[in-house]
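Chain IDs A, B, C and D follow the sequence of writing; residue 1 opens each chain.
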Amino acid sequence: MIRVQREVFDVGREIAALTAGNTRIGGVASFVGLVRDLGGLRSMTLEHYPGMTERQLEKIDAEAHRRWPLEASLIVHRYGRLEPGEPIVLTITASAHRQAAFDSCNFLMDWLKTEAPFWKREEGADGERWVAAREDDDEARERWRETG
Amino acid sequence: MIRVQREVFDVGREIAALTAGNTRIGGVASFVGLVRDLGGLRSMTLEHYPGMTERQLEKIDAEAHRRWPLEASLIVHRYGRLEPGEPIVLTITASAHRQAAFDSCNFLMDWLKTEAPFWKREEGADGERWVAAREDDDEARERWRETG
Amino acid sequence: MKILYFAWLRDKAGMSECEVSPPPGTATVGALIDWLAAQDECHAEVFADRSVVRFAVNQDFAEADTPVGPGDEVAFFPPVTGG
Amino acid sequence: MKILYFAWLRDKAGMSECEVSPPPGTATVGALIDWLAAQDECHAEVFADRSVVRFAVNQDFAEADTPVGPGDEVAFFPPVTGG
């Protein structure tokens, strides 16, 4: 499942909803990305491409299910204006096996970073600027390339 | 931080408490282990070694902080009688960097499986039995052996 | 053909979307960029450094040789920074 | 010396803890097991297959050659299955 929203999310509630009634699940991995303040950050505004965002998140989510034996998964990505410390993104994967949960959750985050059409603009003491893409995000994504 | 308790935990609340006020945190990885029912499980009872449990969890937690640049971490392990679908264990790691959070959370779980003095007894339709240790848990732990 | 701009490409373009009708020979994203860049100074600047421009055709990531045609939705944006 | 048993070793031993005073030469966990196994049939069965017995001295995992002495807390248990 995927969701794109302005509102904050509650990790505990999302995990509970995702796993309710499914006793085949042995492990639930989750990741929350937060607005980090490296100094003087006032806010971060996330712009996205409505329509394409949902489409890409659905694809990434489906790819995780193709690669790992998942019982359930969730991607929630926020947009709009966020302050330091606020959550930006949540990924949850549930599987019978803990390593499948860990790996697929890691995979979702790496792919999100390079495949989901979001752009961050930071507002600091000296004005606003668009955040540049990171090369190590590309490298992280490349780890999951299927060979052979 | 570590806790050993009978009571259930709330992942969202634990993450919020752990990350509150620290805007250096960019990513929070967490894992919840659940009582899985492979067929006919009525309950699972976790016995532990009070004193040694806390001591070993503290060690594992400290080892994660030694290996990764963590801003915060938490291990909560339950004991007592649990029913299928109930959470057993929670690990949370928070770092400036997402991969450090993922890896250290994975590490905590792998070490817990082989280093924390807990024993599971399953109650099924045909009576009770002690759960045998898994070889692949030993292998998972070996991944983290430091070389050189 | 519907054109969308995001992030700082939108700032440079001075608009978030527009409807364009490129000449019939404009069959790929690359050709579309050539045509757009030639339309006015503002667009010339948007596409000044094409190495930092990414694009999507009908909401899927595309390459310079991805085909485009009337009715398509073509978006231009910098490398994504979500997650 | 305080001895603790956990999980099915406790079931076999028929007790969870006891206070013992092995002879002065009992300087390692291995020697302690030898002595305990010789005490009665019940203990002989607990330590029948030593390959499945793990132990801790003063709440740290130990090996057969780990030293033990008066006042120590020594625990015996099967491989752990937590997490």
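One rule holds in what follows: a contact is a pair of C-beta atoms (placed from the backbone, for glycine too) under 8 Å apart; a residue touches a chain by one contact, two chains touch by 3 or more.
Everything quoted here is computed from the prediction, not taken from an experiment.
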Inset, instruction - Chains touching chain A and chain C alike, please list them. - result: none
Inset, instruction - Taking each chain's centre as the mean of its C-alpha atoms, give the chain farthest from chain B. - result: C
Legend entry - Centre-of-Cα separation between chain D and chain A, whole angstrom: 49
Inset, instruction - Give, as an integer number of Å, the spacing between the C-alpha centres of chain D and chain B. - result: 26
Inset, instruction - Express in whole angstrom the distance between the two chain centres, defined as the mean CA positions of chain C and chain D. - result: 74
Inset, instruction - Provide the C-alpha centroid distance between chain A and chain B, rounded to the nearest whole angstrom. - result: 23
Inset, instruction - Could you tell me which residues belong to chain A and also touch two or more other chains? - result: 33, 109
Inset, instruction - Would you give the residues of chain C that are in contact with at least 2 other chains, written as numbers and ranges? - result: none
Legend entry - Inter-chain touch pairs (all): A-B, A-C, B-D
Inset, instruction - Please give the residue numbers of chain B that touch chain A in the complex, ascending. - result: 10-15, 19-37, 41, 84-85, 96, 98-99, 101-102, 105-106, 109, 140
Inset, instruction - Please give the residue numbers of chain B that touch chain D in the complex, ascending. - result: 33, 46-49, 51-52, 55-56, 77, 88-89, 109, 112-121, 130-134, 137
Inset, instruction - Using the touch rule from the top, collect the residues of chain C that touch chain A in their complex. - result: 4, 6-8, 56, 59-61, 75, 77-83
